[in-house]
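Same chain, two partners: chain A is paired with chain B first, then with chain C.
Up next is the complex of A and B:
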């Protein structure tokens, strides 16, 4: 994580402030000894060279008392935090690790006690323990130990779910060893962050309790006592209440800033300039677009998508993708993960979030009501959106959990302008269209009540509700069971035929491609490396990457043997090699491949980007006899 | 939905009972003798015995607790140890002030914290977001009683628009009541609003990254529709939880802030009770506070159920 400059300054100032308070606390016994003894003539003196922050009613220097108060504040907060940590964390770890009945009873007790507001519980504890600094801070520490215990328990429960704990159990690590050796190091960061919050809260609470007379007793200097003194003179000298409060504010703020910084190190912070999908990304248009192929409903001309990389520079994920989808045609985009397939799909559907950027010569949509140049539109213009529907990989997460299936469909139908009286019936028809038998029942269900396959059918129905020209299906079956995958695929195929949908099918699975697609575009490292009809490309690949993908598909045929997995990984965006990007993994690569970037070229709807295509003999998958 | 509410109500009763039991037995540890409180240390053993018998403190602790609980269930918290007055009468006198302050603070918290949190969450990462988040960090670090002191010293006293001290009941004069609680409510509400703003921001920013928001964008709904129907509707679920915590913190905070404005609420009752070792009063304040928090929590739980079908429908 790299913090911004302003952020680093804030953290630096906070660290300095905390250091100053610590120094003041340590030095306080020697501070003020050399100054003149307080005299009543200085009573409520205004700030001056003699008294930088003025003097209080008894003529004592306010700055000196603030410094003395720092010692009390830190002592008090340290005591309360130690009590909270030493009681709360072992308790929480124990409860979390024991689980079962111990957890049930202990959490019931902690829940009950937590229903008493913290200040009130502290008051009750002080009633038992007695007033004074160390007793009241013991009370505050006990109150916070409940919070710490709850968090420690939650962390342990979360960690217990992790694999490594099961693994350690299997190899026979004993329970205590597991607690200290494996789980504690993993839950410690969250608990340290929480402890800093307890520390800063304890400073404020010490001041509050001393202010009302239950904490430190006068004449000891505490920021709370000083504020209590200031209250008595607020009518004649309002400034008296400023310095002690500012001391509390700055100290608490500085500790919280450092706590946030620690938390950021643990969980990661959102970086500035990061927008959301709601903001959209404006397409940078280069003007020289080629004319659209006849009969295309989507034309993508030289599309680039870039994201901000880890070190802050923009990194290209899609590099000059050019393709089109004919009306009623299924175009499959295939490639391993990390090849830019999904970025291409999101870019086309206008679902990128800043700071991602997109550039294209043209991104054209052809519908019944004419041509839309999407690259020229304001990202907030939603008029074209219903023409491009999207089906995602995670159907359950892609549906709003608080709305029923019926609500989802009726809302989309309203967006399309369907009359209110017809929406319910129309929604039911859509569910039947995606082969959901009990439509009225499913309309009433919420997303969490749907199986994965059912949720994907609902997503498809939602897409159909828009009556789109183009459907982008991003790995629509990857998250589903194998049997359900086949059902969804046959449904998609039927809908393409029946509704003349143009589909962009994004998948890593050549089996799915063969099943569903008319044409295919193979992507590698952000580029389209081969396109053509499915039969041609799979049976007689012209790019070694396509051939390698085909060879890695398991086939149930005699004499084929086990599939050969593809060696190596797709290079990450930003680390693309010069020349042919596939060359380092390619068995056919020669010297020239590393020097020269091949260009996608070809005729008759067949194109490839390999300089050796004519010299090498690539083997594909023979067409299926079906 | 009705069974859901009923189940929640039944679930909180043991919560309050356990909380009061824990407090009761904890206070037993303090070993205060009410007879000495009432009579001083110069009375005869016989006189002490009479007082103990009258207040029932000569019985075993468990018997005392069961007896206390059966009376408390009918809002009878017994008699003060210090003076022969029913504790309920004392609590009843102090309730309006504490309730008014807490309610005012909750209003300030929601009216300021929620819009700011939404505004910064929707534009997470922008300059506006940084400004709001930084302001909220400062607000959260300001102790409410200090804010109150500043408001009294620099607003109430110089301008005279609001009283710097005292409380007027709503039944006496609604206008004066409002004027008397505005400054304490703001003092208390600023820290609550700051906390709520930060948590609302986190909730909104978190929901904005959910896949279903992307789905809504892809369908082509308007920004306003997505913010309302998808983002805020889902962010409301964690915010309701946070609100419950805030109400508890504000109720506790009101006990301290009322000292700044010399408002006769449960705080001053509890503090003098601690100094006088009048434990039945302390126990009553704890019980009333726990009860208030629990009732609010219950209402929020029902709201939670209404908001989140995953909780409601099993």
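Up next is the complex of A and C:
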């Protein structure tokens, strides 16, 4: 977990405070024994060397009383927390795990008890149980046990649905084993965090109850009683209320800070930075960029993307990618996961999250109104996103659940500067463009009311709202059913033709590639290893990696049997081998492959990076026999 | 194949999900309806369909993870309905599963050693050194080194995780293996590795149910294939019959939608697809595919009885008039 320097200091101070209170509580029986018995002559003494924090009305040393109060506070909070944990957690686990009607009835009961403010309920319980520290804390603990039960139950309900519970049942684990061996260890961290919050609240409540005379009885020292005593003499000695007040405030605050810190450790840092604006992404351009190929709409020249690795060094995920996409053309980027496909797509879309960095000799768009060098733009410039739109794999996750489809589209149109009066009509036109028949109805719907295919159509409409020149489609159909996939692919194909949209299609599915792409770039370990027309690359590959991918794909044909797998894994960024990166997995590799890095080269739009291409005979995907 | 010599036999299996309120049932969803299915010894049967078709629920019914409303499931001669829930250990060890996402299906807090040892602890007397040796043996069998014993699943690659899940499933020598989208979340290369591994290690005389949405993959690994749509099995036959010569209009649509990896595009005109009227609803007891079906008529308000065509069973009133459909729709 990343914590800022200021935050680390706060956590350190809080830990120190809590440690001091614990030490004080343990040491309190021996504190004050050696000091002189209280004398009324010291009554309300100002802080001095004799009494560091002064003395109270009866001449007792305030510091000693604070230290003795710490013991009471911790004892009280421990008791209340133990009661809350021992009653609340088993109760919550039980009703959460049983579920069904038991859960319904128990939860309504717990809800109604929880709806009464805790202190009021504690006072009512004290009225029946009687006053005194342990009784009042039993009451407080009972109140908090309802909170614990509710949280434990919620955690278990969520955890029970996790598939590993089914997995354990299939293996034969019984109910008790499921609850204590599987579910409890997974929910325990959240419950521990909650217990710290109960602990700090109990300290405050103990002080409050003692203050109004329902908790510890005088002459025992408690921070609440000290505060009550100070109240009586506030006209004469206002300082009296400061030490107990500060003790309560700081202790409660410190325990909350530590609880928060614990929670951070448990949950992990899920805050992913506001937006994915390119703060910290630096685009560097060198002046010797190559001229754009004729008809190209997007030109990418030697693009690198790097991320900060675990040890802080920058690790390259994309290494010198050079490619172009023609107007109205679909370029597919294929390769296994971990090859840099998505990083390349995010880089081109200007969506890399910091602290990623991107470097390119040139990254430029050629549109009707001239050339735009994106590498010259401020990464935060919204015009980047106007030129390059993105569609992701999970359409529903990319839509804000609280806004309707119409709201999403109108906001996108506003950003593009469309007049308010025309936005509604324009939004409807966009939906019709993605073949949504009942556009007015869909405009009113919310993301959860859309099927997967419909949501992906809406995402495409949103992308089109910016009239982009380039659309980056990252696994746009992977999450969809195959019949819906066919419809979306057909839609994308039509949009390319009608709108002259250039599409960068990122996918691992060669079927989708064959269906939609005009050209293909194959990536392995951050590098482009082969490019060419889709027919050339897939049917007659020149790089062994492309051939291995083609051989792994199952096909709907009789008598094909199980495809031969490519063994091994893609090396992780930062652990790329010297020489040809594919060589360790390549059946054609010779010693020379390990020595030199092959360069992507070729003619006529066909290029490959393999030194053995001329000597080996590679097989791609043959035409269908039927 | 008759019910008696099948290792797994489902007859009229119906699963209904109910959401309960304080005063009783509030709503219900029939996830699987009157499903008949058999898997013979040494056979792999594919179960295909789109999301919401009920194929996962049917697999879960065989695993005893969802209660059945009606119907019977026999596994190796035992009637699952009569053995009670949770299954006694002798049934449990006969039926094991591998799920789609091992990160979800394996307890994230447990290490590989514990994950693989868990079924052995429950079903065998192996303890201590012998237990550890068996765990290492299982890991080697699925191509993992003993060096991974102390890792948690989040420290493994996707392929390694699925290998752990397979080792765990194989630990008790099951007779029936349910593979629920076991390779769908993996890269095509890793998926091919896992399929190859499963071919090698799965019990040779056992029954395998291969649940998947990937027709091409199903054809390459299965002997027979059942097609589900909205809870109903609409067609069941050999893999070549179903994937190469589908007869139910839904199977035809499904097969025609599978993109082939060979680029053979002739025109850029979109492929034909059956139109979907979002307002159309299937009759409650009718054919669930009728609202999307080009052949639908009044007869489709009643779900048809099975028509047997050689080794295949089709449930469509129009099976006689539906022509043998090309697997490729003209584009």
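Here is the rule we use: the second predicted complex is superposed on the first by the 561 of 626 C-alpha atoms of A that agree within 3 Å, B and C clash if a C-alpha of one lies under 4 Å from a C-alpha of the other, contacts with A are read in each partner's own complex, and residues count from 1 in each chain.
Simple rule for what comes next: a contact is a pair of C-beta atoms (placed from the backbone, for glycine too) under 8 Å apart; a residue touches a chain by one contact, two chains touch by 3 or more.
Note that the structure is predicted; figures quoted are calculated from it, not measured.
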Query raised in the report: So if we stack both complexes on chain A, do chain B and chain C clash, or do they fit?
Result: fit
**Report entry** Which of chain B and chain C A:50 touches, first, second, both or neither
**Finding:** neither
Query raised in the report: Touching A:508, do we find chain B (first), chain C (second), both, or neither?
Result: second
Requested in this report: Classify the contacts of A:621 with the two partner chains as first (chain B alone), second (chain C alone), both, or neither.
Outcome: second
Query raised in the report: Is A:238 touching the first partner chain B, the second partner chain C, both, or neither of them?
Result: first
Query raised in the report: After superposition on the shared chain, which partner residues are touched by A:493: those of chain B (first), chain C (second), both, or neither?
Result: second
Query - Superposed arrangement, angle subtended at the Cα centre of chain A by chain B and chain C, nearest 10 degrees - result: 110
Requested in this report: Report for A:553: first if it touches chain B alone, second if chain C alone, otherwise both or neither.
Outcome: second
Requested in this report: Scan A:119 for contacts with chain B and chain C and give back first, second, both or neither.
Outcome: first
Report task. Please indicate which partner A:398 is in contact with in the superposed arrangement: first for chain B, second for chain C, both, or neither. Result -> first
Query raised in the report: Across all Cα pairs of chain B and chain C, what is the smallest distance in the superposition, given in whole Å?
Result: 13
Query raised in the report: So which positions on chain A get touched by both chain B and chain C?
Result: 108
Query raised in the report: Considering the complex alone, what residue numbers of chain C touch chain A?
Result: 20-22, 50-51, 60, 63-65, 86-87, 89, 92-93, 95-97, 99, 101, 104-109, 118-119, 122-123, 157-159, 165, 168, 172, 187-193, 195-196, 199, 213-217, 219-221, 240, 243-244, 253-265, 268, 270-271, 273, 278, 327
Query raised in the report: Can you list the chain A residues touching chain B in their complex?
Result: 6, 108-109, 111-113, 115-121, 123-129, 131, 200, 204, 207-208, 211-214, 227, 230-231, 234-235, 238, 241-242, 244-245, 248-250, 252-253, 256-257, 260, 270-278, 280, 349-351, 380, 382-386, 388-390, 392, 394, 397-404, 411-412, 415, 446, 448-449, 459, 462, 466
Report summary line: Touching chain C in the complex, chain A uses residues 100-101, 104-105, 108, 162-164, 166-175, 182, 185-186, 336-337, 438, 452, 481-487, 489-491, 493-494, 497, 508-515, 517, 534-535, 538-539, 548-550, 552-558, 560-567, 569, 621-624, 626
Query raised in the report: Tell me, which parts of chain B touch chain A in their complex?
Result: 14-19, 22-23, 26-27, 29-30, 122, 124-126, 130, 137-138, 140-143, 145-146, 149-150, 152-154, 157, 164, 205, 208-223, 226-227, 229-231, 233-234, 237, 248-249, 251-253, 255-256, 259-260, 267, 270-271, 273-275, 277, 279, 282-283, 285-286, 289-290, 293-294, 297, 307-310, 313
